[in-house]
Amino acid sequence: MNDLTQRQPRHLHEECGVLGLYAPTRGELAPLAYYGLYALQHRGQESAGIVLNDDGCFNAWCDVGLVNEVFPRERLEAMGQGTIAVGHVRYATTGSDRKRNVQPIVINHFKGRMAMAHNGNLTNSFRLRQALEERGSIFHTTTDSEVIAYTIVQARLTAPSIEAAVSAAMDKLEGAYSLVISSPTKLIAARDPYGFRPLCMGRRADGMVVFASESCALDAVGAVFERDLLPGEIVSVSHRGMVCDTSHCGQRPKKLCVFELIYFARPDSVIDGASVSLARQRAGAFLAQEHPVEADVVIGVPDSGLDAALGYAKASGIPYAMGFTKNKYIGRTFISPTQSMRETGVNLKLNPIRAEVEGKRVVLIDDSIVRGTTCRRTIQLLRQAGAREIHMRVSAPPFVAPCFYGTDIDSADKLIANHHTTEEIADIIGVDSLGYLSLEHVVQLTGPENTGFCTACFGGGYPTEIPGPGEKDRFEQPIGRNKSDGE
Amino acid sequence: MNDLTQRQPRHLHEECGVLGLYAPTRGELAPLAYYGLYALQHRGQESAGIVLNDDGCFNAWCDVGLVNEVFPRERLEAMGQGTIAVGHVRYATTGSDRKRNVQPIVINHFKGRMAMAHNGNLTNSFRLRQALEERGSIFHTTTDSEVIAYTIVQARLTAPSIEAAVSAAMDKLEGAYSLVISSPTKLIAARDPYGFRPLCMGRRADGMVVFASESCALDAVGAVFERDLLPGEIVSVSHRGMVCDTSHCGQRPKKLCVFELIYFARPDSVIDGASVSLARQRAGAFLAQEHPVEADVVIGVPDSGLDAALGYAKASGIPYAMGFTKNKYIGRTFISPTQSMRETGVNLKLNPIRAEVEGKRVVLIDDSIVRGTTCRRTIQLLRQAGAREIHMRVSAPPFVAPCFYGTDIDSADKLIANHHTTEEIADIIGVDSLGYLSLEHVVQLTGPENTGFCTACFGGGYPTEIPGPGEKDRFEQPIGRNKSDGE
Amino acid sequence: MNDLTQRQPRHLHEECGVLGLYAPTRGELAPLAYYGLYALQHRGQESAGIVLNDDGCFNAWCDVGLVNEVFPRERLEAMGQGTIAVGHVRYATTGSDRKRNVQPIVINHFKGRMAMAHNGNLTNSFRLRQALEERGSIFHTTTDSEVIAYTIVQARLTAPSIEAAVSAAMDKLEGAYSLVISSPTKLIAARDPYGFRPLCMGRRADGMVVFASESCALDAVGAVFERDLLPGEIVSVSHRGMVCDTSHCGQRPKKLCVFELIYFARPDSVIDGASVSLARQRAGAFLAQEHPVEADVVIGVPDSGLDAALGYAKASGIPYAMGFTKNKYIGRTFISPTQSMRETGVNLKLNPIRAEVEGKRVVLIDDSIVRGTTCRRTIQLLRQAGAREIHMRVSAPPFVAPCFYGTDIDSADKLIANHHTTEEIADIIGVDSLGYLSLEHVVQLTGPENTGFCTACFGGGYPTEIPGPGEKDRFEQPIGRNKSDGE
Amino acid sequence: MNDLTQRQPRHLHEECGVLGLYAPTRGELAPLAYYGLYALQHRGQESAGIVLNDDGCFNAWCDVGLVNEVFPRERLEAMGQGTIAVGHVRYATTGSDRKRNVQPIVINHFKGRMAMAHNGNLTNSFRLRQALEERGSIFHTTTDSEVIAYTIVQARLTAPSIEAAVSAAMDKLEGAYSLVISSPTKLIAARDPYGFRPLCMGRRADGMVVFASESCALDAVGAVFERDLLPGEIVSVSHRGMVCDTSHCGQRPKKLCVFELIYFARPDSVIDGASVSLARQRAGAFLAQEHPVEADVVIGVPDSGLDAALGYAKASGIPYAMGFTKNKYIGRTFISPTQSMRETGVNLKLNPIRAEVEGKRVVLIDDSIVRGTTCRRTIQLLRQAGAREIHMRVSAPPFVAPCFYGTDIDSADKLIANHHTTEEIADIIGVDSLGYLSLEHVVQLTGPENTGFCTACFGGGYPTEIPGPGEKDRFEQPIGRNKSDGE
């Protein structure tokens, strides 16, 4: 019934987290997969799934819900043993297709079964799908993940192995994808040639190989981080060992989503060699440099603004403080106050600590302003708690363009920065001054040199062709509506 | 968590029930579909699903569970409005694929969406599937329903309409199928040329057309029964009216599953013109004629043996009595007594009414003996309640062969009648005499003339080719196990 | 969430079922208690509870819900071992006190703990309670069960043993009560001197003593029925053996609730020596004698009208038939059709079997008519199924007076028989003729001699003083409303 | 089923949080009470309850579970309207009495109903209870809350009003109690004369009066904090206005539990005039002064060690960092890794941020060491993440004595500080140095002057008589075990 409960508005979503485990000997992998997905939960709270491969027999369980909801103890115990596990967490969508689009997807084809977990978004999914449909193919979902699977299986008709099929399929796929795939006997991980989404690998002392979207999942399962997959790399593990295919590497410029560092990833993760926590502190330091202000205290909006606030405080010399207490019990079944309640002051999620802000000039750090509504409310709370001045600093440039690579930024017409100048926004949200991180600095979050970031949503340009308007609609609107059935 | 609860052993399953609603004007069809499925619940307790078609937009909800579990009030309300609804209930399977195989299936193809509910089993599913796979097609389920959908979509590539595609597909499909299909604009029902599974239609006063596996679902939704679909008939309804395609009718001999009358269907249903209740009473009367005995009372095993017991009583002149009270609260979460408890007399499901059987010679009627274990237990209870003699009469011939047309009779090696003579069985289950209905009479349940029944499971011969052993395994065992991946 | 689901209207309720187990050696009694309560489930679907006494340590679990809902496997397993178990099922009430009033109640007093399960209703509860309250006593519930417990504990202050305290308390208690009580070391059963409610005892082969409201619960746990408790009897079991106190026996005339035989009890139970099933058949035979009619078929309203229908058929010579199929999947979460749906014919619970009633003169037997609404609906269905004439026969006299002894007959002003003659009722519900069982015959259900029945609800007079109007209100309305707090 | 799930070990519990709302006009108070309890959720995760008083009619709902589990939307909506609400959250206990001990308790007495929520523990509960039992009183729970209610009702026999009864009862009650009570017409709050537990009041713009354990709950419901109740004060609100009774004030020295400031309370609360967040930072500063060390970074154990870490960092000049990421999705249904998994490095709750600690000398701040096991594990993680030196500082003195005033510190024999010197503990948990806050400084957390704290658990002496060993056992062990029943 959770899915019927009113949810908190959230305007920024990561699409997914992926996980793969390959054990040299048969064992109970499901609990480990469970812990790995728990560590990736922040990348998707909509659905969770694990497929356990026991010598070609695929035991799958996926459902809408958080990891702990989808996998109660009995379910986990019922998954049994295996040598390969593929896991997935998925972000929140709405509507009737939620149950249908859970992952990992498991399909049957002429060579047996295949399980696949996917993070990212294709940009040529529409065209690939159309070509398949015109040959009479049927699709069960509206996801581009199914298109990827279909493309791999088609390639497998002529490719000598599943890895070769993945490689051949990558010649056709365009856009963002980090994949973890299980064939009956192999575990395969692949990252698109731009490297939009992170994907790393590690190893446990018992020889188990682990692939995961973020290194925090390696820590969670007791694996030691080895390295990130290269953009374009395919790694295959089987009882014969590990094979790395780098034939697609270097074909494209590296374009890691910079918002992974700013917001999506967990602070304890290390992505493409950079500590997420340090990158955020660096963003704060850049902000102090770009938008200095005289103030008494620096506070961050929990949880994602805290690192940048600390960075700003250290760089500016203004004292750092914890300005808010966050109610940690608010979950998905929380019943939000009505608007009329809110107007009488009912407030639960964040509560300012009056002793830290009363009578003070406050620098407030957050990672983004999407529509501005949440932000305005937070600032009102600070004012009620007695803040004398509020200077907001945002640890990213303004959002101005939609993302086609697997994140779900609010639609362009709702982005406040598309309609208003920075001064106007300051006025709307009610701050004394407002400063965003510059596009110039955002690409230096991991060091003075730009190691390759996608900044499309900040107006930095799309690295690939993007879908035409009709193609985009195809995925968002119900298929079949207004279509003649030809008779 | 229901799915983890220990279930009662059941050795005889109907595969499914299907339902279709076409309303001339848009409205809330989901509650009606809910009531229709409730009336078909006895045909499948494993999963339930409704797809609501609102002008080409398909709103689907399917899940494992009983109708009332899958559709709490909020879910039903959330389904909204539409003009076409397709519903399905599915029988109990086990294992990890349960969630994946729920119906109706909804697929996307080049002409839009299609929803389909299926009752029955193909016999050439393996070969159709193999041919599709060899062209690189992928399958999400292990059901032959997906094979049917794929075959229809392939036919649609050249067929001028969806009905024409169904008709063309029927040239390829072999076996048992009653289908209800929704295209973006039409509701289509089809019954295989043998008519293995029932399918009927009716109409509500408000003009709504209803298709259902059994007439009791028409009664439930307030529709008046019009007629059964002919074996081989395709009926299509749209805003242009109703079209009937009888081009496949008469191609095959009619072969209605006789066990629909004996056990599966509800007593208040009318199938191919015959009252199920009367057919069962007729079975009892035949038993009285074939296996007369001197006795004091005739009792039936609730619920399915009651009609035949009444028929036996009337034909023999021996008084009818209700010999058992059935605990009506025992559902799927009931925790069965352990074997050691049973041995101390713990017994819940059926309790004999001592006053009716003590000191008496009892004729006991049931519809079948599968393994004999449940039966033996029931007879022990009667003995403990003081029955002096027990003469068992079974309102069907002995099971000796597996069914390939959509019912799940226990595997041949577990069928008691495959290993033992009637005398031996009488001895094993502990009765004073035992008599089965003859093959000769079973085909006369609806009248003196055999109107066409499949009696394959009673040794009456298969009307169609049946799958080879390897083909059968393909569906029952996990795909992919022991398959080389070719590299 | 079950408790928020709309329920079927039900206008006749048994209050409760009680159960007690005493094992000579420590063991897992909870599963046995679970099976016993399952067999008593028809006596109360509102809440269920088991208290396990393990050498003075009381492990209790009670909650609203059916037995299987309150006791999932884990809960049952968590109850551990013991030598005494007390169980209870409770009928459906409404409102916020449902959770508070679950039983068995467990209380602490100066001699340790006591658990008690109660079936029935006191008539002097108000006065006993008032006297206790005036001494500053507090009550946690609004049940008379708590008053009984308090009265026993007060008696224990001077009584030499718990049995003696029960006996002393019985001098003060007036009305209906069948009790099962556990002290730290003993299991005690007691039945009020009128014997309003049934209570019987049995024994398992392993020496376990079992008390239960009905004998069907003895069958369920593998105990052999020994005898009913005498009205007024107290039986105590401990490691020293069994002691029977009959000092209150014979003080009052026996007044078994006759509606136990007609409706409440299960047909397979034997109450005070009489088979419930036979008593109902006898009611049918009396009806045939009192209200004969020319007809083609006799049918009963399932489930409680079936026995009487069989009795009528046998006595009249008119053939018996099963006229309805009842949907056995309709449970407490079923979403009832709206009135407007009903008017379009949507109908689920009962469906007539057209082949049995079409064109026929039907005798329809039910056990009661409360408000007449359900009845009228059933008769409409029969008419729609083609019944030519409908002659209704009711296997009890008309309800005309409220019950104060533990059943919940609808309030007097809603009882149709209070406002209308039999002819008018026939007209309202739409039957061709209507006949009730006479008050004269209802007391002969177990044989030609009246062995002592309460027929107060049929106008047969109250055996005891009944509560005054203010006293009755006290229990039904929220306590405290409109009360001044004295300052 | 949540209650069967394995829980995280927690060794320090607050007993409860209480809440009271009095609205001048009738309205929907349940949602406001829900938000207030949400803000107090950290004070008790075991059970939650709300009693709504609608003109003397008490609508109560209490159950085990978190606030959002106990109150789904439908439940909250079903509570209706009223003018007074009493709420409660309760800490985690174990065993079969969990359901029975939920609060607020609602009792009936000669003056009507009374609802009461209680935080704290009496020290003379055993004797009060015994005296009541010896007069034949019965108790439904093992809580001292029921003893308080009984004592008030007894006092009401002679007191002219409910407030007077509370006042008279306070002459008998000894120990810790913050109470919120609803009579049919009044809302009453009372704090024991020592002021062990906090209790404050505020007012909403619409005139509603709010009592709460902590000021954060006032913020949550939109009320402005007015003041803390004085130790010994009774405040009563009714339609006649507010009356404050200070007759018990000053009878005893003030003894606020200092652990409220150190750990229990939320950082944004203000208790008896002191900001909890500032008090914790002050504790950190005292630690820096008492136990200075050369180091590179100061980190706190989330969440309760963070404030003190910041205080230490500021006082010492050593940089502050966020050293851990806490997985915020770990709730009560989380399945803990087994010990063998832990040994292979599986770790979920806290993950060190390597970039902040690798190669560094770390000062680690936590609020307490109970058994030392969790602590040792955390330190291992830091070592694995590369910390060069670890200097642990604890923002409280060592636990050495049990608490009898409403907190649940682990039993004395399991407290590591009871068996080991500080040096030994440092060795056991694996740190390079260890320092506790001194008893001298802990009483200066809110300023240089000791405003009155209970430090009994740190060896500071008990302000009251404490229960004898037998009396303590009485509450902890099952009542009735080993008790003779006197016959």
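All chains are identified by letter, namely A, B, C and D, in their written order; residue positions are counted from 1 within each chain.
Convention: a residue touches a chain if its C-beta (ideal position, glycine included) is under 8 Å from a C-beta of that chain, and two chains touch if they have at least 3 such contacts.
The structure displayed is predicted, hence computed values, not measured ones.
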item	value
Other chains in touch with both chain B and chain C	none
Distance from the mean Cα position of chain D to that of chain B, given in whole angstrom	59
Centre distance in Å when chain A and chain D are each reduced to the mean of their C-alpha atoms	37
Chain centre separation (chain C, chain D; CA means) in Å	45
Sites on chain A at which at least two other chains make contact	1, 72
Those chain pairs that satisfy the touch definition	A-B, A-D, B-C, C-D
List of chain D residues in touch with chain A within their complex	1, 5-6, 31-32, 34-35, 38-39, 41-42, 66-69, 71-73, 76, 204-206, 216, 219-223, 266-268, 270, 275, 277-278, 303, 306-307, 310, 314, 319-322, 324-325, 327-331, 333-335, 337, 341, 344-348, 351-356
Footprint of chain B on chain A - complex, ascending	1, 4, 55-63, 72, 74-75, 78, 96-97, 99-100, 105-113, 130, 133-142, 149-150, 153-154, 156-157, 160-163, 183-186, 478-483, 485-487
